[in-house]
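For reference, chains read A, B and C in written order, and residue numbers begin at 1 within each chain.
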Amino acid sequence: MLGTCLDNVRRTVPLVHNITNYVTVNDVANILLACGGSPIMSDEPEDVEDITTICGGLNINIGTLNQRSIQGMFRAGKKAAELGHVLLLDPVGAGASALRTNTAVELMKALPFTVIRGNISEIKTLALGSGTTKGVDADVADAVTESNLDAAVAFVKDFAQKSRAIVAVTGAIDLVSDGERCYVIRNGRAEMGKVTGTGCQLSGMMTAFLVANPDDRLTAAAAAVCAMGLAGEIGWSHMTESDGNSTYRNRIIDAIYHMDGAVLEKGAKYEVR
Amino acid sequence: MLGTCLDNVRRTVPLVHNITNYVTVNDVANILLACGGSPIMSDEPEDVEDITTICGGLNINIGTLNQRSIQGMFRAGKKAAELGHVLLLDPVGAGASALRTNTAVELMKALPFTVIRGNISEIKTLALGSGTTKGVDADVADAVTESNLDAAVAFVKDFAQKSRAIVAVTGAIDLVSDGERCYVIRNGRAEMGKVTGTGCQLSGMMTAFLVANPDDRLTAAAAAVCAMGLAGEIGWSHMTESDGNSTYRNRIIDAIYHMDGAVLEKGAKYEVR
Amino acid sequence: MLGTCLDNVRRTVPLVHNITNYVTVNDVANILLACGGSPIMSDEPEDVEDITTICGGLNINIGTLNQRSIQGMFRAGKKAAELGHVLLLDPVGAGASALRTNTAVELMKALPFTVIRGNISEIKTLALGSGTTKGVDADVADAVTESNLDAAVAFVKDFAQKSRAIVAVTGAIDLVSDGERCYVIRNGRAEMGKVTGTGCQLSGMMTAFLVANPDDRLTAAAAAVCAMGLAGEIGWSHMTESDGNSTYRNRIIDAIYHMDGAVLEKGAKYEVR
């Protein structure tokens, strides 16, 4: 079933509008092409409504937000919501600055997000709904581990219910919940944290998975998370002794490029709670 | 003769000012270095006139345009025109939004472009001169194929005459015309479409080719198109089984890095109509 | 001792705030991760104070400056100065436009930079303190060579004293001075000049080295320069026949990823004058 979600992306070539940061945007574009989707980037307020109209989903990532692009996020988001498009929020750095936290909170108030994807610190910041600035490491002590897994699953389910969105918390163990069920995913490698933007890439790819699978969005979101982690495993298996994080970046995207539904189905490591 | 165009780039190291999108800008810089040119990026209106003054050509790409960078495009373009520099327009997404279409149309009215390079949908939008927003796929049914080649050649020649620019339409078959003659080019591979920014890269490299070959700009533009396609073929020949689109990106630029005039001359596949 | 500087980065994982250009920003992020640091990018004036507060150092690079990001540089810089953070200036293109030269000069007046890193043309522009626009190649005739080394060392020492900063001039021979001593470094390869952004990457990495080595910043700056050059040598040794500048980019960052203090200590080629 997870495999079918990937096959549906390749079959339907969903067009994804990305308002994303300039640090990792090239890799977001290439992973969207690798998985079978098609990327468009636009953040100018006067441009975003037209662009989002021709797409199937909108990926909003606040990683290098500015006053102009924030306006673009709201205008694109409202248009995408009117059109019933998939809407994803990646609250990069929420908790690290007041502007980031407040922007993410205001976006959540204004827009009916289909899915919110971030690390545990960012998601906890949003769950608190607080505009107080904190360090980026404030909540890192709360990383999801086997020992606090029950509490983490309960937290993610609760936030999914309150936010009326699918919530995906990614880290060593990934959690994806719609408020009722929660996928607990154990794909991936720690070395992925040494490649900038694997989270941003996942958000772009997840948007494509959701657009291509309108009838089962929870499974689609979980499939994207498994695909990213599995690509990290497959890409690592092709590393030579002198390869490092820059080559690993390429190999992860390459692994998505070659992945099909059968490979994903076989390699996905998850349970549903 | 195509080979000489590349040799001239390596011999003269043309400095190219790029106002280009933030998605593919790093690859544009690296392919300019690979072909023997030298890149500078600047889009701030207060900065662009000085920067363009010290360059030989200006590459304007509207892929992630915004109100500030649009001003930069006009100011840089007017200065470059005053100085008789090579001026290239890459109308990314013309037809996909009113802002993109209108900006491209207004740039064409204001500036004496040496060359306009885009896909068939973008060029058709400009040929219509319309400011109406259309989907990005609106004209894709009109892709240049062997069966509609005569009509496509006539269209490109006609638009080149009307726009008083060299027109380069790239796709499975590439067409490059100055209104009199039309190069029909069959280099390249379909897999290049899975790498973000090969068109943007070509626009940057083509600007360098035009600067380095002032006496025969049509041949220079055709040489750049052949070089890009040939790099796609050579790069593909170095792909291993697990390599995908992210590694292919590197291999294409690497192939330009190693290409010399003799290789280009031998590998170019074209006819002139 | 140089090796210890790298080990200290890996041990303390310094968080570096980068206000840098959108051309090379992805590589800056990946090399910071490769050396053991942690990158954050933010240039919005309303965001930068919070972000810089949680970091240990601020890397200001004016490569694609605009009116908004210039405000961000001053606001972030003042906050970083208040907090006693490491402050690095990379004056990309100083001398090539009035805006770049003036911005770099004004930043130097307003902020107590810990280190200024650039090529010889940029540093000479700043040493003159002039706001006059010049071509990018104006001072290239003055590249640091064995034959003018004594004069170059004296110039760098003098500018370091006047600017009260460590000054790092990188090129075929690199010079790093605090005004008293000057490291003369002969690591690196000429082919690094065909990869966009190796200077930007060095600036990001150098900021991390300075944050992690507060007690000997001159040695830390020299260690970063040696590490970058040595990575260029090691990365080159892994190049295959068909690899070019795009793959070289990956191999340089990969070499940093695998470098440890012992490798750096053994491979560093320098003398102190």
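The working rule: a residue touches a chain if its C-beta (ideal position, glycine included) is under 8 Å from a C-beta of that chain, and two chains touch if they have at least 3 such contacts.
This is a predicted model, so every value here is computed, not measured.
Of all residue numbers seen at the chain B-chain C contact, under half occur in both copies; the interface is built from largely non-matching residues.
Superposition angle, chain A onto chain B, using Cα atoms only: 120 degrees, a multiple of 5 between 0 and 180. The distance from the centre of chain B to the centre of chain C, each centre being the mean of the chain's C-alpha atoms, comes to 33 Å.
Contact with two or more other chains is made by residues 22, 26-27, 68, 249-250 of chain A. Chain B makes touch with chain A in their complex at residues 21-24, 26-27, 63-68, 93, 96-100, 133, 135-137, 194-197, 242-247, 249-250. Those residues of chain B that touch chain C in the complex are listed here as 15, 22, 25-27, 29-30, 33-34, 39-44, 46-47, 50-51, 54, 68, 234, 238, 249-258.
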